[in-house]
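There are two complexes below, and they share chain A, which is joined by chain B in the first and by chain C in the second.
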Partner chain A sequence: MTYKTTMLAALLAATALSGAQAADPIKIGVVTPLSGTYAGIGQQVRWGLDLATKEVNAAGGIMGRQVELIYEDEEANPSVAVQKADKLFQVNKVDFLTGTVNSGSTLAVGQVAERAGKLIATTVSFADSITTDKCSPNVFRVNARAGQQSAALAVWLSKDKPKANVFYLGPDYEMGRSTVAAFKSAAEKVGATSSGEVFAPLDSKDYTQYFGQLRSSRPQVLYTSVAGNDTVRLLTQLQEFGLLNNLTVVGASGTVTAQNLPAIGKAAEGFVTGVGYSAQIDTPENKKFVAAFQAANKADPDLYGADSYGLIYAYKAAVEKAGSTDTDKVRKALEDLKWQTPQGEKTLRAGDHQAIQTMYVVRVSGGKFMTVGQVSGDDAIGPDACSRF
Partner chain B sequence: MVDALTRSMRASHILVAILVVASLIFAVIGVANGDTFYLRLGTEALIFAGLALSVDILLGYTGLLSLGQALYFGLGAYVSALVLMVTPSFWAATGAALGVAMVVGAVGGFIANRVRGVYFALITFGMAQVAAKVVYNTRALGASDGLIGVPIIQINFGFAAISSASPAGFFLFTLAFIVILYAFAAYLLDTPFGRLLIALKANERRVPFLGYDTVTPRLLAYMIAAVIAALSGALYPMLRGFVSPELLFFSTSGNAVITVVTGGVGTLVGALYGGILLTLLKSVVGSYTEHHLVVIGVLFMGAVIFLPRGLMGIVRPAIERMLARRMKS
Partner chain C sequence: MSTAIEYFQFVLAPQMLIGLVLGVAVILVALGLTIIFGLLDVINMSHGEFYALGAFIALALGSIGLPFWLLVILVPLLMLPVGYIVERGLIQRVFHSSERHVTTLLLTFGLGLVMEDAFRLVFGPNPLKPETPIAGAIDVFGVFLPLYRLFLIVGGAVIVALVALVVYRTRLGAMVRAAAFDRDMAASLGVPVQHVYAGAFAFGVALAGLAGVLLAPIYSVFPTMGRDFILMAFTVVIVGGMGSIAGVVVAGLLLTQVQAISSLYISPVWSDPIVFGIMVIMLMVRPQGLFGRLGHG
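What follows is the complex of A and B.
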């Protein structure tokens, strides 16, 4: 086996050494979960990237070179992601890498890229740390981070329900507590008052034990960051207890999704969240994108598909601006780059490599997400907290 | 006097020698081609082979199925990463991993060894899950994101130093490290203490009638396995520069058991071959299809049905017979 592998290694090394000519394709590695829990997200990433690549190639590629995507399954496991990224950089000699979904993978792969002298971008991970305290000169993020989502929601809240009394209910684990803390500080900054917070264990069957506390604090708004089936139980139990009257439920972007919306049914009516993309955005660019996406994949794009689609155009613009795929030149070109995406113009901030974009506020109405407002990119972005570069 | 156990151990030694020679050839070819990826993959394979080695000590010699060996592997990795981020010294990191693994192994062994059989498997599984959840939710340990930024280190021997960033250098270092762990385990299992462990596997109720205590040897075997797993884990952050809670998840423990069963239970060397085979197979198959887990699963079932003694069951008996003939003549 070892012998076979060395033969394989020798062969691959030989092909890689045969030199890059101008007509060679530009290779983009995609390390994304194609199996396991996050396979659904990986699927959207793949559809978005494939569609954009097809369009770019049909229009003549980037600087006359075709774009080739090379996929590797990361199983949503950073240890696997790192190994696959290493392979794409060292064996396939990719020029650029994207696709990582969970934040741990993005951070770990970012470090691999830094040591290999290459660039990566995430289109999915939303942990603030990637472009704040753990930022890297070789990592870009073209999607909205958690802070932008909660800032957008807080800004909408301050306009729609000024000086609201907010109650918080989060899942009792590290991520749940940090999302509640982030939204709480964003909401208090725009004038909301906090009337209490509780944390329920993951997979709670019964949320009614918290309802007494909820009622006695008389909130106008309930913020929650529970997800999946927990949301189904929380919202249906709230409805059964008649607590949804005169209460606006807002939450994280993963709280109510297309996946659990049918199970929640009527109890989800009126739920509001802040997102970076919605298929309902009413612009010609987005309508064209949604139609092309549906024609190619027989499914609606979600934010992961749209952000991944946009990334290819960002990379194209940067490489054409730099006139090369060289890491330092492309990094410089990506910094402060403005480009067009289905959700409007985005700007990559040079200070922390975070995309600034218009944020949308969506409300569930008639079993569908409807856009009810938007918050300009500058209002939602927050300060540059990256000190490494 | 050379008995069957010593002879089978010697057969394993020969197979390890073949592995070392093959690895050296692999390293030379790798260096000649300026390869990085395959050398690092090989290093990772050896690290996971070390974890499998610890499972084989429990499963193959003491008769204890541990479904939570990732607890000690992850423990070693996290301790090593935390130490390296404070002081980039290989000796401090492995020393700390060794010390912590002995203490945690003693506590874990005390808990797990109160029960037998399937209950032992469940308790080890449960302990690893608890540890994984604690790490997953502890901000100071990076929570679900894990820890990045483990520095590249120089492993200093006084007369020479190896950089953990040098693909070939660190590969050879890891090879030596794992072979030393193997040699230590093989030596120990050939002593009277090792024979006592094998007796425990054969029939634990009879052992007290021979005048031996059963509790202490079981606990010691568990602690030795914990230390070997932690020392292997300690190398992981040096290679990859990060640790994440996934290292403590069941998939890591489960893979180690699959490795041992595929390689050959109770052979020690089977764990090494199995570990290398599984890591390479996952990497190669994974690049071709997203259904690689199905492929691995089918191969595992095939190994269980058609090779009940694992890969080593094909070659090792022949080597043993050869050794027996030579000793007679």
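What follows is the complex of A and C.
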């Protein structure tokens, strides 16, 4: 009896194996941080990719071929990411690659892809440069870039707080200065006035020393792009000094996150930001996605999980349109591709390989992110600034 | 003239008051550091992590419902045995080497790294924040000040006074100072030097824990919080004179005021270089610091 079942199992396994061999799987490499500071983001990327791949495979794969994901840990370090991407292209012979989180890794791996003659897509990196001045014919971005986030926020600002007086507070390094500059120009375009700006060192203990300047410029809106624990200190100290009354705090999408929201507590109430995805989006497609994601991972999807999930469907649509996994054919199929994602239809702009999508404005209310508005993709995308292809 | 008064009231005074709170925070952290250095001649690189340990213990005990005011007393008491065991179990093992400064520095540095990772494993990497125990704020001559910060200024002054009282006015303090001044002579006169050393280390660690409890509601709690004040605290100890309590108070207030006022006129990024610049100049012209060592006149 035992012998028989073992035989049967072996036989079944053998057929399953030969079935897979009949059509080679499509291999997608995933270079993502599975350890270190960004491990939480890498986790969401993995959950999203795994879920979409499971669904695609259950429905017959891409052109009858199963999809196989091969993971490598990049430790959020561009030089490690380059090694791992090289290995995936040369040794594992992957057809496509994704997963990079920090913008430096995405840019570096993009160059590896160019040399290997393969395509990559990021589902996380925000830096505008990836699809503007440092764009690459081999790199696509399916998530919203920083410029789209601040454009969406500025549009909301012009409606909700017309002609507001805005004060800017950013962390004093490249990201902080570029986010403040981007939002300032977007806000001034829609009629806001700027009353002052200050750049605090990263990991500032005490933001109270800037409160005098803040108070004397009497802003209605404070824009900030500090992140992590800096946000905890800034917002709770603002609350402590009674400055949150009559002040709307808006910020970058990484300023208040699920990671630091519990620590900020009540001081985060009313914080507004622009994002490309929110689990609260009220559409049947998104509800179905959130339910499936929760069932698989016992956690809510965030923007990284949702955008990674959507990427598998973009790649599926492109390969089926191209009828091949050949780099040039898939590139052509991805350009101007329209496809369905949990947050609605997205379009990959041919000119710069940036996804155009509806942007959402979310506000913290009762300790949760609630959607308070949306901005159409065309209003948020901005001009094509890529001149390389 | 009236504009000068207005400038003082609305710009300078609030800035100085805010600097005063930061000064008290730095002094609280530096106090334990200077006592450990002054007596044991040990540069405790893990001092920042003991500060974090105090905050984490307070957070854990607070989450099971203990009131904040009890924690202010309880946490330092819990830290005492921790410090005692660390001194007897770890520091004593490398203390008697001829390269004491290097070995103890490396030992405490390693201990700090281990503790930081332990916090991350136990409490997770995300910041946590206890509720501010005193809500509300008052106007001090037209300057807005949250009540908890006012409490910190007063409480900090009381703690410094109590520590000075213990060190300079009690028999225990006399034994500590004697052991610091001449270890062998003190031992021959019947002072239990081993226990005085371990006790002083435990006292310094308990002070770090107390600072952790008091500052957590303002600065939040997270695994790498130990690095926050430690550079500033070391600077204060060096400028004030290693091991001097008065030096810590004077240098702590002085340096934080320099930081607070300078950030009004130049980019705040420069406030750290200014403070460390003062430290470098101090080391060049008066390496012993503003005041002498503990037990030395």
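Note that in this section the second predicted complex is superposed on the first by the 367 of 389 C-alpha atoms of A that agree within 3 Å, B and C clash if a C-alpha of one lies under 4 Å from a C-alpha of the other, contacts with A are read in each partner's own complex, and residues count from 1 in each chain.
Note that in this section contacts are C-beta pairs under 8 Å (C-beta built on N, C-alpha and C of every residue); 3 or more make two chains touch, one makes a residue touch a chain.
Predicted, not measured: the structure shown is a model, and the values here were computed from it.
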Determine, for the superposed model, which of the two partners chain B and chain C contacts more residues of chain A.
-> B
Considering only touches as defined above, state whether A:G265 meets chain B (first), chain C (second), both or neither.
-> second
Would you sort A:Q83 into first (chain B), second (chain C), both or neither based on which partner it touches?
-> first
In the overlay, answer first, second, both or neither for which of chain B and chain C A:E72 touches.
-> first
Counting only touches as set out at the top, which of chain B and chain C does A:F241 meet: first, second, both, neither?
-> second
Should A:V232 be classified as contacting the first partner (chain B), the second (chain C), both, or neither?
-> second
Enumerate the residues of chain A that count as touching chain B in its complex and touching chain C in the other.
-> none
Chain A residues within the chain B interface of the complex | 1-3, 5-6, 8-10, 13-14, 34-35, 39, 72-73, 77-80, 82-84, 86-87, 89-91, 102-104, 107-108, 110-112, 115, 127, 129, 134, 173-175
Chain A-touching residues of chain B, taken from the complex the two chains share = 19, 22-23, 25-26, 29-30, 33-38, 40-42, 44, 136-139, 143-146, 148-149, 152, 165, 240-242, 244-247, 251, 276-277, 280, 283-284, 286-287, 290-293
Complex contact set, residues of chain C against chain A | 10-11, 14-15, 18-19, 21-22, 125-129, 132, 137, 144, 146, 148-149, 218-220, 222, 228-229, 260, 263-264, 267-269, 272
Spell out the residues on chain A that touch chain C in their complex, using ranges where they run on.
-> 37, 172, 198-201, 203-206, 208-212, 216, 228-229, 232-233, 236-237, 240-242, 259-260, 262-265
